[in-house]
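So the structure is just underneath, and the comments pick up after that.
When the chains are written out, they are named A, B, C and D in that same order, and each has its own residue count from 1.
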Amino acid sequence: MVKLLYFARLREALGTSEEEIAVPDGVTDIQRLMAWLAQRGGAWQEEFTGCRPLRAAVNQELVGNTSGFHDGDEIAFFPPVTGG
Amino acid sequence: MVKLLYFARLREALGTSEEEIAVPDGVTDIQRLMAWLAQRGGAWQEEFTGCRPLRAAVNQELVGNTSGFHDGDEIAFFPPVTGG
Amino acid sequence: MVRVQLEDFDAGAEITRLRLARPDTGAVAAFIGQVRDLNEGAEISGMTLEHYPGMTEKALEAIVDQARQRWNIFDALVIHRIGALKPLDQIVLVVVSGAHRGEAFSACEFIMDYLKTEAPFWKKERTETGDRWVDARSSDDTAKQRWTENQ
Amino acid sequence: MVRVQLEDFDAGAEITRLRLARPDTGAVAAFIGQVRDLNEGAEISGMTLEHYPGMTEKALEAIVDQARQRWNIFDALVIHRIGALKPLDQIVLVVVSGAHRGEAFSACEFIMDYLKTEAPFWKKERTETGDRWVDARSSDDTAKQRWTENQ
């Protein structure tokens, strides 16, 4: 099981802010996780196929798309940040 | 007649803060004025022979040593500034 | 120190606190960001700032740590607001104290540039034609890149 | 605006004033310089700041004008104190407001760098072994030169 979090525009587009979910074997990095989420279709497909800029964090650290993750991790997806 | 002003360490070394004075014909720029003041000897010689860094202003504008001046001008000499 | 809060802050009081904390402090650089009444041609009546509780604080701490490692500064403070804000409200305060001005200025600007690109905050603006999420600006990426080129 | 004064100033109030002056202000950069309790290895018990009445104000105005020509800023304020000061007293305040942070930061640092090398102020420090005039620092000339090289 991993915990997935969605923020800001992405949260609104997906209509959800978080979920706890078991991912299939083989879905072991951010890139594969995004591809798997995109298969849900609709907004998921639009958001996770890489057309819109998206950032990912694993356990609250920014990571690149090739970064792996493990069972129990907290994985967040969000648009480029716009604070300050 | 020109008005001469001295500031900070220079003022203390010369023991005077200002004077109104007629300069000889031919003393028409800062360099020549400094040489003429150096001829007074003592502290004047020490301060105006160019060994210590000195700045000059004519009518409250910083100028270089080759700048000229005219009758009635206010000419100031002072060490490099140390504000802020 | 890093604070993420709903409440407004007293920039003057924070600056004074850092300024007086050490008698060998010679320089304090500060930055305040506030909500503008217009953005990209549209009038803004307000905005909401969302963040990622936990990660946002960590990201800000990491940015401040980087600044401390890179420059010889005494202290650095970041306060960033979240929630509903209106034009002329303060959004962010960065204060850096040090012995001399050059390092205080650089560290303060570095913290802002990194905050703009690495700290998880998102702005949603309220305009006459509806709400909209603010897009990230490429100029912010450019501003951040300076710090890696000028090593 | 430029002020040369004996009295202390309220940095927070000045920053707030510039910040709120225009609703399209997004960024305020500020700098405060204060008297350190030590300089070049000696303990400082106080200092006296001398200036050139008339020229000092003109020089500061000229520096602010240069900053305004060079960057797209909304307002700039310089307050510099003269007379007797003691450690932890504020010496100088520079505040710059603008739409965006990059120009506010640059203009604020530019004003300080030019003030340090072009505005007629002189510091005399009181130390345990007597009074001494502070020497100009070559690092201040270097800091100023950056602005002509980066055109």
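The criterion applied here is as follows: a residue touches a chain if its C-beta (ideal position, glycine included) is under 8 Å from a C-beta of that chain, and two chains touch if they have at least 3 such contacts.
Treat the numbers as computed from the prediction; the structure is a model and nothing was measured.
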item: Neighbouring chains shared between subunit B and subunit D, ordered by label; value: none
item: Longest centre-to-centre distance from subunit D, chain (CA-based); value: A
item: Interchain centroid distance [CA atoms averaged], subunit A/subunit D, Å; value: 48
item: Distance between the centres, which are taken as Cα means, of subunit B and subunit A, whole angstrom; value: 72
item: Rounded Å distance between subunit C and subunit D, as computed from the means of their C-alpha atoms; value: 23
item: Centre distance in Å when subunit A and subunit C are each reduced to the mean of their C-alpha atoms; value: 26
item: Numbers and ranges of subunit D residues touching at least 2 other chains; value: 33, 101, 112
item: Where subunit B touches two or more other chains at once, by residue number; value: 84
item: Interchain contacts (touch definition) - all pairs; value: A-C, B-D, C-D
item: In the complex with subunit D, residue positions of subunit C that touch it; value: 10-13, 15-16, 19-20, 23-38, 87-88, 90, 99, 101-102, 104-105, 108-109, 112, 139, 143
item: Touching residues (chain side subunit C, partner subunit A) in the complex; value: 33, 49-52, 54-55, 58-59, 80, 91-92, 112, 115-124, 133-137
item: Footprint of subunit D on subunit B - complex, ascending; value: 5, 7-9, 53, 57, 60-62, 76, 78-84
